[in-house]
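In the two assemblies presented below, subunit A is common to both, partnered first by subunit B and then by subunit C.
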Partner chain A sequence: MMEAKSMKREEELVKIDKIRRKRRHRKEQIGKAIRYAILVSVGLIMLYPLIWLIGASFKTNAEIFTSIGFMPKDFDFSGYIRGWRTSTEYTFARYFANTFKIVIPKVILTVISTVLTAYGFARFKIPGKKYLFSILIGTLLLPNVVLRIPQYLMYREFNWLNSYKPLVVPAAFAVDAFFVFMLIQFLRGLPKDLEEAAVIDGCNSFQVLIYVLIPMLKPAIISVALFQFMWTMNDFLGPLIYISSVEKYPVSIALKMSMDASAIVQWNQVLAMSVIALLPSLIVFFLAQKHFVDGISTTGMKG
Partner chain B sequence: MAEVVLKKVVKTYPNGFKAVHGIDLHIKDGEFMVFVGPSGCAKSTTLRMVAGLEEITGGEIWIGDKCVNEIPPKDRGIAMVFQNYALYPHMSVYDNMAFGLKLQKTPKEEIDRRVMDAAEKLEITELLDRKPKEMSGGQRQRVAVGRAIVRKPEVFLFDEPLSNLDAKLRVSMRVRIAQLHEQLKQEGQPATMIYVTHDQVEAMTMGDRICVLNYGKIMQVDTPINLYSKPANKFVAGFIGAPAMNLLAAELVNEGGKVAVKLPEILLHLPKEKANKVKGYVGKKIWFGIRPEHIGSYETHPDKEEYANGEVTVIEQLGNEEFIYFTIGGIQYIARLDSMKVQNISKGKGCKFWFDMNKCHFFDFESEENISL
Partner chain C sequence: MTKLLKKYEGMLYITPWLIGIIVFTAFPFITSFVLSFTNYNLMSAPKFIGLQNYITMFRSPDFRKAFGVTFRYVAITVPLKLAFALFIAYILNFKIKGVNFFRTAYYLPSILGGSVAISILWRFLFADTGLINIFLGFLGFQSISWLGNPTYAIFTLSLLRVWQFGSPMVIFLAALKNIPESLYEAAKIDGASKVSMFFKITLPLITPVVFFNFIMQLIQAFQEFNAPYIITGGGPLKSTYLLPLMIYDNSFKYFKMGYGSALSWFLFVVIMIFTAITFRSEKYWVHYSDGGDE
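And now, the complex of A and B:
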């Protein structure tokens, strides 16, 4: 009798436990749903301008200002076609080519110069290194605007105006203190034992950099390249100051050119070209994303 | 084939800290020398100076017939195994091992042969394609040793190579490294090995000779057994052996024509031989040292003349033996007794202990040198 009772009670307990667990599970599910709903809606709000931009680039010029939604009534590709042709004697292809004439050498030079500089700061004994390092950080805090005029005068003396040199050449001297700083911090985190092992294996300091450090620095180097790519791609002020002939304009200036205040602005063309101008950055970002995150550097060590 | 000689080697850091105080050491060709000492005793620094990773401030280091002070690490004929393996994370095991040879522009077949050879020796042939992160700690350590072997160095340098491994692996790797040393000897290419550790079991079991360091000075260089039975000074006596030797401040007195050690509440008479050695110190303060296994109880040594009454405070049971902590006159001693023979010792109770005075040591109170050898 007693036994049967206790058995029953136990069964009941199990039942209650099951119900409780179910409830808890349901609660968790609801919580999750709410969280995702908030994330998705905030994400959409942030992305809306971009979505609108893409939608509007397919609208006719009249529709852009008359409808609120981002979906065009019917897809009109004339913005892309006419926009690509531009109102100048060059097509947009020319401006893209110009942009890459700046971006590619600049990214390459930046990577080489910043890595070398960071290596020097992080691993070598240089007299007055601390002092030099604080100057480097000091330049980070200096607003760019302050430098514009003296730089402009300097490049004018060099006869570099209306060429890409003022935009590209500085990158060869590791002027981007932020990148140098970032790489130094990364290098400081790398164990020195690997370099010592490489020295015993017969590397000189340059080979240590090439064979051992750079492969480990890869995530940081990719970040540097990526940031420099996007920033240069989007740079407006630099080309505006130094480039004066239309045939040398990069995309950022060419876009502005089609918004000429004197004529009626063909907004659909401007938006269509903006979408195209965004593409390289987006593509490069998504291609690099994997390496960007793949920052495990100490796997050859303990652990 | 190379001996390593250190002549008055000094290391002073830029901030003025003197890490190594003029070390003189002669490591014979093909010898397995272990550097042991507490942390901060400069054992790693000394090894790194031999490797060339650390500059020396004074003195000379000779490897073979060359003074290597100015020679870069790669030309010293050495290979080093690091504590944290230091494998290149982006290279496969094969490339890790072949890297040094590739830099030397060794022909490809030769590299292949040597890597395969080393891999076989260390049983890592099936791991050659893996990356370091895909392996366990023990496997990584073997690869690190393999990387050293392929270079065919004259001197192997090990910097605490096993301290990141768990206890069981450590034992098997210990044996493996010792075997490697033996194997290389049999293959006709004996290598001098210098091995840094803070683990005295590793030191005792692996070394042909052991160099005990403290505060950048050599305390003693000798074979393991001599270090244990004939410590040159108080530091070595206390450092080698676990549990550590009982080391107590005491006084030597003359008791009715016999020399005795006077400790709080006990007087221990010396046998004639020992007494002769320390005659000059009668009436003076000295350090008295006796190893735990040289203290017995009434049960283990029933027929002795002299016993001292102590109170047992802690018993550590190890299965085959017991560590008995006891106090006499407020001073703690530790004895190591055979579990089989000890039945009636229990915590908080009194017990009779016997001190084997033939095996004890005496050290000068000031200089801490052994005066009873």
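And now, the complex of A and C:
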């Protein structure tokens, strides 16, 4: 009698538990659906402007201002052709060449100088290292705005105005504390035994850097190169201050100029050239997106 | 000889940086402070005028307006961007299929966003007959003069930066992934809800990263130049004329190097005050699990 009752109770409990579990499951499913809905709609908001930009660059000026969809009615390449020619005596080919004249040396110099500096900080005893490191972190937080005028005056003294030197040369001196910091963080995470073994085998410190550390540092170095590439491609204020003749303009300035060129903005040309201007960055981003994410995560962790 | 070299080896490696710090940072830093007390237009030698630049600055209605606008811009942009970044990172931290795809999609605007092309796109999207207004019309709303109305223009610029929430998001996400699962399981057994878990476990554990992101975004936002320069040119009615624009105009358009330096130093001091307050407040809200030192 008693046993039967407790059996019944147990059955009931199992039943309730089942219902609860079902409810929880349903709640989880709903939660999941909401999360995906948010992610997809935010993703759409993030990417639609870019997709639309690409579509609009093939539209006629009349169509741009009326349609909400990104597919053009028929593909009109005149924006690209006329935009590429520009209203100046140079084509965008010239401006792209100029941009790369800045970007390539800057990226190379940045990688060399920041790796050397980070190596020095991460692996050697240096007198006053603690203070020097604080200075490094301090420059990370220092607003550049306060340096701009004296830098301009200094480059003027050097006769560097209207050349790419003010934009490129500082990179040889590891001025981007962000990258030095990123590499130091990465180096700190690497085990030292391989280096010690190399020293025992008779390597000097520079050989250790070249043959042991650089191969291991490769992901971090790629991140540095990628970020510097993007930032330099995007840089607008630097060339705006230092470059004054049209023949030396990089893409960023030329693009802004194309928008100001006439009273009525030829939007399809401007948008077409915007797409072209974004193209190198887009290609690099999709080829190497993992490195961007990894790079930014390592620095963020210990800030 | 080799012994000496050994001792100063490290110094050798950081020499380029040391030179850089002196020539491109320390020297300009001091010079701009000195210049801020002078009148200098590149034509004749700098003339010492004491506090005159600062007095002119504080009396100038343009400056006061620019300061107010800058302040408003930072106050809108930074919290909105960080909140959004954290919200999305939080969702992505659930076991989401295709997390890499979403992460990439969200990160893309922040890598392209500083470019002139994106500013142009923004100017176009929010133009009176731009995509946003076409869309609003489609939904039956009246179109809004996003860039022509002084009230909305600054907000439109903020929106561009909020759209680039990707880099703080990636940093938040990395921090969220570091929180041990066991903490949540323990809380679940105690019957904690998702909301209380977020505020009692998640948020305290990622405060160091919130702190880092906050400072970085603050410094960045105070120096915003590209977007207002390209999208609105500081208008309408100077409603988006941020301090960096004013500094640029005075320094590199009118070549008032002394006055420009004074404006720069003012902005610098404001940023430093905010940074210092944030650092000071650190002990009240930032929680380091390993005892404080990194």
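Here are a few things to note about the model shown:
In this section, the second predicted complex is superposed on the first by the 248 of 303 C-alpha atoms of A that agree within 3 Å, B and C clash if a C-alpha of one lies under 4 Å from a C-alpha of the other, contacts with A are read in each partner's own complex, and residues count from 1 in each chain.
Just so it is clear, a contact is a pair of C-beta atoms (placed from the backbone, for glycine too) under 8 Å apart; a residue touches a chain by one contact, two chains touch by 3 or more.
Just so it is clear, the model here is predicted, and its values are computed rather than measured.
Among subunit B and subunit C, the chain that touches a larger number of residues in subunit A is C. After overlaying the two complexes on the shared chain, residue contacts for A:Gly120 are found with subunit C alone; subunit B is out of touch.
Of the two partner chains placed by the overlay, only subunit B lies in contact with A:Gln207; subunit C stays clear of it.
In the superposition on chain A, A:Phe179 contacts neither subunit B nor subunit C.
With both structures placed on the common chain, the touch criterion links A:Ile38 to subunit C but leaves subunit B unconnected.
In the superposed model, A:Tyr155 lies in contact with neither subunit B nor subunit C. Once chain A of one complex is fitted onto chain A of the other, the partner contacts of A:Pro215 are limited to subunit B, with no touch recorded for subunit C.
In the superposed pair of complexes, A:Asp193 makes contact with subunit B only, with no contact to subunit C. Once the two complexes are overlaid on the shared chain, A:Phe92 sits clear of subunit B and of subunit C alike. When both complexes are aligned on chain A by C-alpha atoms, subunit A residues 296-297, 300-302 touch subunit B in the first and subunit C in the second. Every residue of subunit C that touches subunit A in the complex is listed here, in rising order: 9-14, 16-21, 23-25, 27-29, 31-32, 35, 42, 88, 91-92, 94, 96, 102-109, 111-112, 114-118, 120-121, 123-125, 129-131, 134-135, 138, 163, 167, 170-171, 173-175, 178, 208-209, 211-213, 215-216, 219, 222-223, 225-226, 229-230, 244, 247-248, 251-252, 257, 260-261, 264-265, 267-268, 271, 275, 294.
The residues of subunit A lying in touch with subunit B in their complex are 191, 193-194, 196-203, 207, 211-212, 215-216, 218, 296-302. Interface residues of subunit A, counted against subunit C in their complex, comprise 32, 35-36, 38-39, 42-43, 45-47, 49-50, 52-53, 65-68, 113, 116-117, 119-121, 123-127, 129, 132, 135-136, 139, 141-154, 156, 170, 172-175, 180, 205, 230-231, 233-234, 236-237, 240-241, 251-253, 255-256, 259, 267, 270-271, 273-275, 277-278, 281-282, 285, 289, 292-293, 296-297, 300-303.
The touching residues of subunit B, when paired with subunit A in their complex, are 51-53, 72-74, 78-80, 82-90, 96, 99-100, 103-104, 131-133, 137, 140, 147, 151, 164.
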